[in-house]
Each structure stands twice: as C-alpha cells, then as structure tokens.
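Presented sequentially are two complexes of subunit A, the first with subunit B as partner and the second with subunit C.
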Partner chain A sequence: MIAIFKELIVSSGLVSLTGGNLIMWLVSFVLIYLAIKKQYEPLLLLPIAFGILVVNLPLTFLMEPEHGLIWFFYHYGIENDIIPPLIFLGLGAMIDFGPLIANPKTLLLGAGAQVGLYVTFFAAILFGFDLREAASIAIIGGADGPTTIYLTSKLAPQLLGATAVSAYAYMALVPIIQPPMMKLLTTDHERKIVMSKLRPVSRLQKICFPIISAMTIMLLVPASAPLISMLMMGNLFKESGVVERLTKASSNELMNIVTIFLGLSVGATMTATTFLNPKVLFIFFLGLFAFIISTASGLLMAKFMNLFLKDKINPLIGAAGVSAVPMAARCVHKVGSEANRRNYLLMHAMGPNVAGVIGTVVAAAILLKNLG
Partner chain B sequence: MPELLAPIAGNVWKILIAVGDKVELDDEVIILEALKMETPIYCDDSGTITEIRVKEGDAVNEGDVLAVIG
Partner chain C sequence: MTDWSKVFEVFGSGIVGVYLVMLLLQILTQLSTRIIDMIESRNQSGDTAVKPPVTDDKGKV
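Up next is the complex of A and B:
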C-alpha cells in the first residue's frame, strides 16, 4: 500500500517542481486576474495565461517537440507562420480604411510613428541584444500583436513569450501610457483644433483601395506579402459587399478559432527556463520605451506637417499612428474632447491608426528581409 | 430652426431628451456609440426640442440630423 502511494508521488509532477515553475504560476495567476478583473485584452491574455500555467506543470510534456499537444499548435500555427496572417485576414475584414482614403496625408503619420521602432532597435543593440533579438523587441513599438509574433517567431523565437505579452500589455495600457506624452508634446491650443469634416468616400474607392494597396506594397516590399495579402483580401471581402459570409467567417469564426491557438501557443513558450531570465525584464522596459518614442514621433510628425498645411490637423491624431486599433484612436478622441468637448477626433484618428498597421507590417518586413 | 447634427458616425446609444424639453447651450442631449466608445453630443443652441429624428439603436452618419431645436 505504502509502496503504491510512494510510486504515485514519484511519478507525479510534484517532485519535479522547481522554484521557477512556482514563479511562473504566479505570473499566470496575475495575467488571469488582469484578463478577468481588469479586462486587459482578455481574448488573448486568458489563453496566454492558461498556456503559461499548464506548461509549467512538470512532466506534462505539452511542449515536447514531436509529442506535445501544444507543441503541434505552436509548430504548425506559429513556427510555420499560419496563424498571424489568418489574424490579419480577420483584421482586414473588420478595418474601415475610409478615414485613410478620405485623408491620405494621415498615411505619413502612420509612417512617422514607426520611428520609435528604429530608435529602439539601436537601443536594444546597445543593451547587448543581438540584431535579430533587437528587431523583435523594437517591433513592440509598432503596437501590433500579430506582427510582433510573426517577426519574433522568425527572428528570435526564444523571446516570443516576452515580446508578445509586452505588445499586448502595452496595447491594453494605451489609455495610461499615451495621454502624458500627448499633453507634454502638444499645447492646449493645439489640442483644441477642430478638424473639418472628412470627405465622403465612395464604394468604388473603398473597393479599389485594398487591390491597389496590395499591389503597391507587395511590389515595393515583397517580404510583407504574407501579412499584407491576407489583410487586403479580408478588406476586399468586406468592401465588396457581396461575400458577407466570407467576411463574417474571417472576422468572427476563423479569427476566434486562431486566437485560441495563438494565445495558448504563445503562453506555452513561457516555461520557467526561457522566461525567468534578466533579459526579459529588459524586453518589457525596451518595449515600453519603443511605444513611448513611437507615440512621440507620431505627435511630432503631425506638428511638423502643420507647418505646411493650411487646414491644420489636430496633432493628437499623430499619436494614433502606433497601430493598436482602435485603442489609440479612442485615446486620441478622449484627450481631444477633454481639451474641447466639441472635438470629435475619433474618425480622424482612425486614418493614422489603420495606416499604422500597414506601417508596422512594412517595417517588420524590412527588418525580416535584412536579418532573416 | 437649428438642427442638432451628428458630429461622427455611430449608433445612437442613449437619448437623454424628449420632445418638449427645454435645453440650454452645452447640455448633454444624446450619447452616440462609435467603436465601442460612448461619445456625448452637446446642444449647439438653447431652446425647446421640437423633434427627435432618431431612436436608440439607430445607426447614424456624420452630418445626419439627430434632433430639431425650436
């Protein structure tokens, strides 16, 4: 009897538990709390947090190559670059490029806000990260989850958990991180600027946009093809108005399904041995730095454009040039309406916001092409 | 007669006024919802509400008339 009991204990995971596992449990519990109680990106954070928990239960071998269940999700979904492009298909089916088409100069803001990414790239190198790791950390500044995962899984898979979690965390923290920068870099007078009504965009223009953008961007930066092709096809589905079933499948069912596998796999990369590493703290720090610099460069780009524009733009919308759709646009709207309650910047901010998504993908593609 | 226009596209979330109500400049009269964010709409004029052209749940475009103030 005692022998059987002893055997049970030895074959259980308990004896193989490490202190690191316990710390990772705590990390997981904190993330579960943030997801449920604070609703910080719960759709992603919850599967990520649960992935962290189960992978830190010893002897389950869920991430064991060629054997573990989650390893298969990870290998086929993320390592083979299937899931991030599918997320982009769903995003495309949801995004309205109308505000960008109505006001194409906001494309510059989407590009301007990518400066943080390049600044961070060099900062990370100074901190001792190698080029591929530095690129994966810098992309956090683009505030785009799937792009961050896509790039990191190709360049520095050992950092995947940390970069993905910080990208999603900072997106959820947009309303806390961005307003101080916005107030620091703009005057009260600038924040009060009311922008003129957006010109109406015809259905034809909306249909042409994904086709022309897909061709232009992929001809110029072929490495962006997996993400851009899916994004623009999703958008074409939506704007065509004739394939509602495909639009819905892309933006709801398929998106929800791949989100589960994405979250779980990303979480499962965070075993105690890979995650409890001083480097990870630096990643969170540098990611935040990237995000702040991107916000600042978007704002400054908008102010710079105002030097030449007769019809002034509200420089706050530059902050929406980091992707984080639509959190950043909402944040701009809120700060703008605090300065002047008749200021409705939401749709104006959506222009740079969706341009930021394209900007981040292009930046990632350039990094991938040169370092991959 | 002054009209209250929707400053952004969205869905009518809450209507805080009824026909016959007296409103002042800057009163919060309607709340629109766009991109999962509530946006209050303020009165441009003082007067009495003579007509409300939308109901809760309606989708409106930028520039649509929400209400008429007499």
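Up next is the complex of A and C:
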C-alpha cells in the first residue's frame, strides 16, 4: 500500500514542482482575477491565464513539440500565421469604416500614432534588446493584440507571451493611461473644440473602401497581405449586405473559436523558464512607454494638422490613433465631453481609431520587411 | 554589437513608409468618395427630373 502511494507521488508532477512554477501560478491567478473581477479584456485574458496555469503544471508536456496538445494549437495556429489573420477577418466584419470615409484626413492621425512605435523601437535597442526583439516590443504601442502576436511570432517568438499579455493589458488600461496624456498635451480651449457633424456615407462608398484599401496597401506593402486581406474581406462581407451568414460566422462563431485557441496558445508560451527573467520586466515597462508615446504622437499630429486646417479638429481625437477599438474612441469622447458638454466626439474619434488598426498593420509589415 | 545603420534605416523607412501609405490611402479615399458622390447625385437628379406626361395614341394625356 505504501509502495503504491510512494509510486503515485514519485510519478506525479508534485516532485518536479519548482519555485518558478509557483510564481507563474501566481501570475495566472492575478490574470484570472483581473479578467473575472475587473473584466479587463476577459475574452483574451481568461484563456491566456488558464494557458499559463496548465503549462506550468509539471510533467503535463502540453507544449512539448510534436506531442503536446497546446503545442499543436500554437504550431498550426500561430507559428503558421493562421489565427491572427482569422481574428482580423472577424474584426473586419465588425468594424464600421464610415467615420473614416466621411473624414479621410483622420487616416493621418492613424499614421501619427505609429511614430510612438518607432520611438520605442529605438528605446528598446538602447535597453539592450536586439533589432528583432525591439521591433516586437515596439509594436505593443500600436495597441493591437493580433498584430503584436503576428509580428512577435515571426521576429522574436521567445517574447510572445510577454508582448501579448503586455499589449492586451495596456489595451484594457486605456481609460487609465490615456486621459492624463490627453490633458497634459492639450489646452482647455483645444479640448472644447466642437467638430461639425460627419457627412453621411453611402453604401457604395462603404463597399468600395475595403476594395480600394486592400489593393493600395497590399500593392505598396505586400508583407501586410495576411492581415489586411482578411480585415478588408471581413469588412466587404459586412458592407455588401448580401452575405449575412458569412458576416455573422466571421464576427461571432469563427472569432470566438479562434480567440480560445489564440489565448490558450499565447498563455502556454509563458513557462517559468521563458517568462521569469529581467527582460520581461523591461518588456512591460517598454510596452507602457510605447503606448504613452503613441498616444502623445497621435495628439501632437492632430495639433500639427490644425495649423493647416480651416475647420479645426479637436486634437483629442488624435489619441484614438492607437488601435484599441473602440476603447480609445470612447475615452476621447469622455474627456471631450468633460471639457465641453456639447461635445460629441465618439464618431469623430472612431475615424482615427480604425485608421490606427490599418496604421499598425502597415507599421508591422514594414518592420517585418526590414527585419524578417 | 548593434548595427546602428540598420537601426536608423528601420526607424526612418518605417515612419516615412507609414505616412506615405496612409497619405496615399487618404487621397484615394477622397477621390473615390467624390466620384461616387457625383455619380449618385447625377443618378438622383435623373430620377427626380420631371418625366414627360404619358399620352395615348391620340395624343391625349
């Protein structure tokens, strides 16, 4: 009886437990708490947190190459670039490019916010990261989870867990991180600027936009094709109005399924050996820096544009140039309406917000072209 | 050893590249929306133009 019990203990994972595993359990529990109690990006954080937990249970071999269950999800889904483009398909089927088409100038605000990304690239190199790692960290500033995962899996897969968690964590913290920057970089007078109502956009214009965008962007930056093609196809499904089933499948069923595999796979890359090193702390710090600088560069771009525009824009909408859709736009609206109750900036901010999605993909594709 | 020339190349080409793509997309979006606006307004004015009264064989309305 004792021999059986001894055998059970020896063959169990208990004897292989390390201090690192225990710390990772703690990280997992914190993320589970944030997802459930605070509702910070729960759709992603919950599967990520559970992935961290199960992969740090010794002898489960869930991430063992060619054998582990989650390794197959990771290998076929992320390493082979399947999941991030499918997320973009669903995103495209949900996004409304109407505010962007009504005011195409806001595309420049989407570009403005990407400056922060390149500043962070520079900063990460000064902190001792190599070029490919620096690019993977910098893309966090774009506040776009799937793009961060897509680029990191190609340039620095060893940092995947840290960059992905960092990106989603800061996206969830938009209402805390962005308002102080908005207030710091704009005057009270600027925040009170009321923008005129957006012009109506016809159905034909909405149908043409994804086609023109896909052709333009993919011809200029072919490396963006996997993400842009899926994003624009999803949007074409939605705007065409003739494939309701495909639109629903892309934005609901497919999106939900791939989100499970994405979260679980990303979480499972965070083993104690890969996650518990000083570099990861720097990644979280630089990710926050990237996000702050991207917000600032979007705001400054809007102020710069105002020097030349007859109809002034409210510079707050520049902060929505980071692509955390729609949290950044909501945040702009809130700060704008606090300054002036007559201000209704939500739809105006949605333009740079969706432009930020496009801008981040273009920036990632250029990084991939240069460093891939 | 960091290859600083590569760093500056990535930095410069990245910023310029993103702005160029977005600027071109802005111009094309503005252009396409204007063309579509023109076509739609022409179609609309065609629809609302006064149609000639329908007459029978004897020319009666």
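Just so it is clear, the second predicted complex is superposed on the first by the 372 of 372 C-alpha atoms of A that agree within 3 Å, B and C clash if a C-alpha of one lies under 4 Å from a C-alpha of the other, contacts with A are read in each partner's own complex, and residues count from 1 in each chain.
Operating definition for what follows: a residue touches a chain if its C-beta (ideal position, glycine included) is under 8 Å from a C-beta of that chain, and two chains touch if they have at least 3 such contacts.
Please read these numbers as outputs of a predicted model, since none were measured by experiment.
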Subunit A as common anchor, with subunit B and subunit C clashing or fitting: fit
First (subunit B), second (subunit C), both or neither touched by A:H333: first
Touched partner set for A:L307, first subunit B, second subunit C, both or neither: neither
Partner chain in contact with A:I4 - subunit B first, subunit C second, else both or neither: neither
Touched partner set for A:R342, first subunit B, second subunit C, both or neither: first
Which superposed partner A:L198 touches (first subunit B, second subunit C, both, neither): first
Partner, of subunit C and subunit B, that touches more residues belonging to subunit A: C
Touching partner for A:V242 - first (subunit B), second (subunit C), both, neither: neither
Contacts of A:G110 with subunit B and subunit C, given as first, second, both or neither: second
Touching partner for A:L184 - first (subunit B), second (subunit C), both, neither: neither
Minimum C-alpha spacing, chains overlaid - subunit B and subunit C, in Å: 20
Subunit C to subunit A touching residues, read off their complex: 2-3, 6-7, 9-11, 13-15, 17-26, 28-30, 32-33, 36-37, 40
Residues of subunit B defined as touching subunit A within the complex: 7-9, 26, 34-37, 39-40, 42, 62-63
Residues of subunit A touching subunit C in the complex: 100-101, 104-105, 107-108, 110-111, 114-115, 117-118, 121-122, 125, 130-131, 135, 201-202, 204-205, 208-209, 212-213, 216-217, 220-221, 355, 358-359, 362-363, 366-367, 370-371
Partner subunit B, residues of subunit A touching it in the complex: 197-198, 326, 329-330, 333-334, 337, 341-342, 344, 346-347, 350
